[in-house]
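First, the structure itself, so that you have it in front of you.
To keep things simple, chains are lettered A, B and C as they appear, and every chain counts its residues starting from 1.
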Amino acid sequence: MFKRLPEAGPTVPVTIDGRQFAARAGDSVAATLFAAGVKACRTTPVSGAARGPFCMMGVCFDCLVTIDGRPNQQGCLVPVREGMRIESQSGARIAVDAPPGQP
Amino acid sequence: MSLVATADVIVIGGGLHGCSAALHLARAGLSALVLEKNYVGRHASGVNAGGVRTLSRHEAEVPLSLAAMAMWHGIAELVDDDCGFETHGQIRVAENEDDAAALRQREARMRALGYTHERWIDRDELFARVPALARHCLGGLIAVDDGAALPYQTTAAFRRKAEALGQRFFEGVRAQRVQRTGDAWTVDTDRGSFAGRVLVNCAGAWADRICAQLGEPVPLEVIAPMMMVTLRMPRFLEPVVLGTARPLSFKQTQEDTVLIGGGRRARVERDAETTELDFRELAASAQTVWDLFPVMRAASVHRGWAGIEARMPDDIPVIGPSSTAPDAYHAFGFSAHGFELGPIVGRIMADLITTGRTELPIAPFAITRWNAAGDSP
Amino acid sequence: MNIASSCDVAVVGAGAAGLAAAAECARRGLSTVVFDEQQAAGGQIYRAITATPLKDRTVLGADYWHGEGLVGEFARAGATHVPGATVWAVTRSDDGFEIGVSHDGVAQLVQAKQVILATGALERPFPIPGWTLPGVMTAGAAQLLLKTSGLVPEGRVVLAGTGPLLYLVAAQLARVGGRIDCLLDTTPRGQWRSAAPYAVDFLRSPYLAKGLSILRDARRATRLVGGVQQLEALGGDSLQRVRFVAGGRSEELPVDLLLLHQGVVPNINLSNAIGCAQRWDEAQLAFVPVVDRWGASSVAGVTIAGDGAGIAGARAAEARGRLAGLHTVHMLGRLDAAARDRAAAPVRTELARFTRGRAFVDAMYRPAEAFRIPAGETIVCRCEEVTAQQVIDTVKLGCTGPNQMKSFLRCGMGPCQGRLCGLTVTELIARERQAPPGEVGHYRLRFPVKPITLGELAALPETDEGIKAVVRIGKAH
């Protein structure tokens, strides 16, 4: 669906549903999914329909993914980091390894 | 002021209790008109936690609550709508020995009074019923026939049924002055006046104004208990869970979102009808949930709100006839736990109006329990 | 980053309006903090301006690169910029306001005496059958992917809708070698007639020349189909085809990517939740906060600038940001009214220059009712998958407004909090009830306006005792 223009810049290794991918440093998680050829990043809790990022600016919430075990993250607002684990969400997913959170 | 409509009974307030009164009056053969300043179910009735609870009620409320619960278990027949009522029990959890002692004492007290609806459960049964509960809990008090319903849908259903039986609802009509002319009541509003033989005050957080006009002031406090709801989560909870020492009401809805309440208060402006959430207070509720349900730690809180409610100093409502005026009745001040009582309170109103009495013990709810100056005795 | 616990003015949004407002405040000595969700300043119009991989400036054009100067001015003014920060609440406190903000997974309450909301715009919902399929996005989203990441659509690409941004995106994509199969223009035929009364202003405005050149580039880029009256996205798990009707003829195209756009509308969730009065604007077909000529809202201490106060474009947003900043400095006693007005005079001239011609644009590209008010099984609320027919049926049951509709159908109760369905639901109810949209109203929004985790909320520091308690419990688990 999308191709990258040249002069993209340095890459950052991430995993997408367990697959290794070289993301572009500075890209959001949602942009990274498109660059990796991923169209749908979740299924809805209501009907299980497939959805992908729609607005790329944080208003549609269709780009919700699980990032490093934290669910319901807006992928278009989170920049990729080295070693980031990106996982698609099915339904009302809560990852079992959600970290305990804040001190 | 021009007369808009008349009926046997004028009900001020289109919350659940007003709609329930209208419904039961229709069943008793009396016409009623309901005056509602916003829309039916706009305030506390439409936005509460939806708890349908007999568990750990004030002793005076227990007989009413049990009678109401019997009606809840046949709600679809009463209002042609299931109101989203589901019953998986309510459990008040003990986090420590003090909690446990208090709950066991409560069980003993209820049994001494002849009630068996509340039962202490030990750790094994507690965790079998609430597997997601933190393991520091010691046990709980359960009422197995309790549950929850959808507050707005319930109020709307009572209204629809009352209307189907001929009652009239006037929304966007604000009652301003009540006065007795001869044998009748006239209520002047911002949209004309209404007349009836009997007056019923179900005006919720604004009910004290009616009382003042009737010469029987009451010490009503306006409160705004806060609620939060999360995005959907995988199903992990069936019963409604309550805290003991720490206020909490916690349930997973049929949509799998999680509702967190417990009565911490927002700032409220009664006349502007606005509330302002207090996030430090909500943080305390969140901390309680954190401690009790580890699975909730990554949950997304995505809306908070507060209903505008009336609290009486002794935390029980005013139900019964006016002490100063004939043919006037009150049902208000439900102190953040009136939802479950809705079905029975309307019946009580209808009984009082048609026969002058009710078989349920309403003496503790009399408006006369405060002296004439409006202070508690 | 350690966010200071208090400031004179908190600005929400680092787009054109927010940057300009903050610069005016900081320059005059106010402690100014700008919170923005994005990783860098620029908002959406100037998105990625400090880091875009598109080094050839002719691709995005001079209008975009104007933002570079504004970002530079902001950087020198002395304000604090907190990127990656989501403001989820603004409540009143003794000394002004308490801003609930999340940053790096930690929530904090920041005190501010004055607040400037510069939350900008979002694309108007475009509810067509199949618009929720993967492979369907907004045209703005494609433009953002280009700006931020140098990603260009490939495969079979169709643009559809109306409005200047649509043609701009077509032109920009063509400049980088993106192939566009066609542009389906849903501007109703003959709509220029209702825009004609505003033509004189448009001819004298900066938008005329820009508009003509963009249209020319768009026409060169692709096949343009005008007068499109029906549009459907078709596919199973993802988009496969687009079906449209134009000039009475129906056509189907295989397609991989459908980019929709029919204008932008103010992002009002935060101002609504704060309690700022709003009104229905019939020319813009959107709810707009009620503000005075400085941007002051109905809530004392809250000023609203930019597209979030009514759509007028980036240059107008910048001017209104400056006015909001000047007003805020005056409200805090650091600038008397005369000095404020003197400083504002040239800004008002700029504002007049950049609002001239907007009425024409609004009228010319007014989205057709068929594309604003869907029917049948078309999804209206994407989050809760509520259809148009369900909304219509519920109106017939006596539900008179969006807030009751929420309780009946759950529309507006999903994560986006009505951002993508609010206008559609209001207009659906309005048409069904034959009542004006202003009377029907909009969803009543509540804090938090963006979700925060229970953990973040629980850890909000309150008192020293509260902090100690949190630390103790944190260690125990």
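Just so it is clear, a contact is a pair of C-beta atoms (placed from the backbone, for glycine too) under 8 Å apart; a residue touches a chain by one contact, two chains touch by 3 or more.
Predicted model only: the values in this text are computed from it and were never measured.
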Greatest separation from chain B - chain, by CA centre: A
Chain occupying the middle, per Cα centroid: C
Two chains joined by the most C-beta pairs in contact, as defined above: A-C
Distance between chain centroids, defined by C-alpha means - chain A, chain B (Å): 44
Computed distance of Cα centres, chain C from chain B, in Å: 40
Where chain A and chain C are represented by their mean Cα positions, the distance between them in whole Å: 22
Chain B, residues touching no fewer than two other chains: 231, 290, 297-300
Contacts with 2+ other chains: residues of chain A: 70, 72, 100-101
Where chain C touches two or more other chains at once, by residue number: 415, 451, 453, 455, 458-459, 470, 477
Of all residues in chain C, those that touch chain B in their complex: 89, 91-92, 98, 100, 109, 275, 398, 400-401, 404, 407-408, 410, 413, 415, 417, 446-448, 451-455, 457-460, 462, 466, 469-470, 473, 477
Chain C contact footprint on chain B (complex, rising order): 39, 41, 46, 150, 152-153, 156, 160, 230-231, 255, 274, 276-280, 282-284, 286-287, 289-291, 294, 296-305
Touch list for chain C against partner chain A, complex: 37-39, 44, 47, 51, 53-55, 84, 86, 105-106, 122-123, 132-138, 140-141, 144-145, 148-155, 176, 237-238, 256-257, 267, 382-385, 414-416, 419-420, 450-451, 453, 455-456, 458-459, 470-471, 474, 477
Contact set on chain A toward chain C in their complex: 1-5, 7-9, 24, 26-28, 31, 34-35, 39-40, 44, 46-47, 49-62, 64, 70, 72, 77, 79, 100-103
Residues of chain A defined as touching chain B within the complex: 45, 70-72, 91-95, 98-101
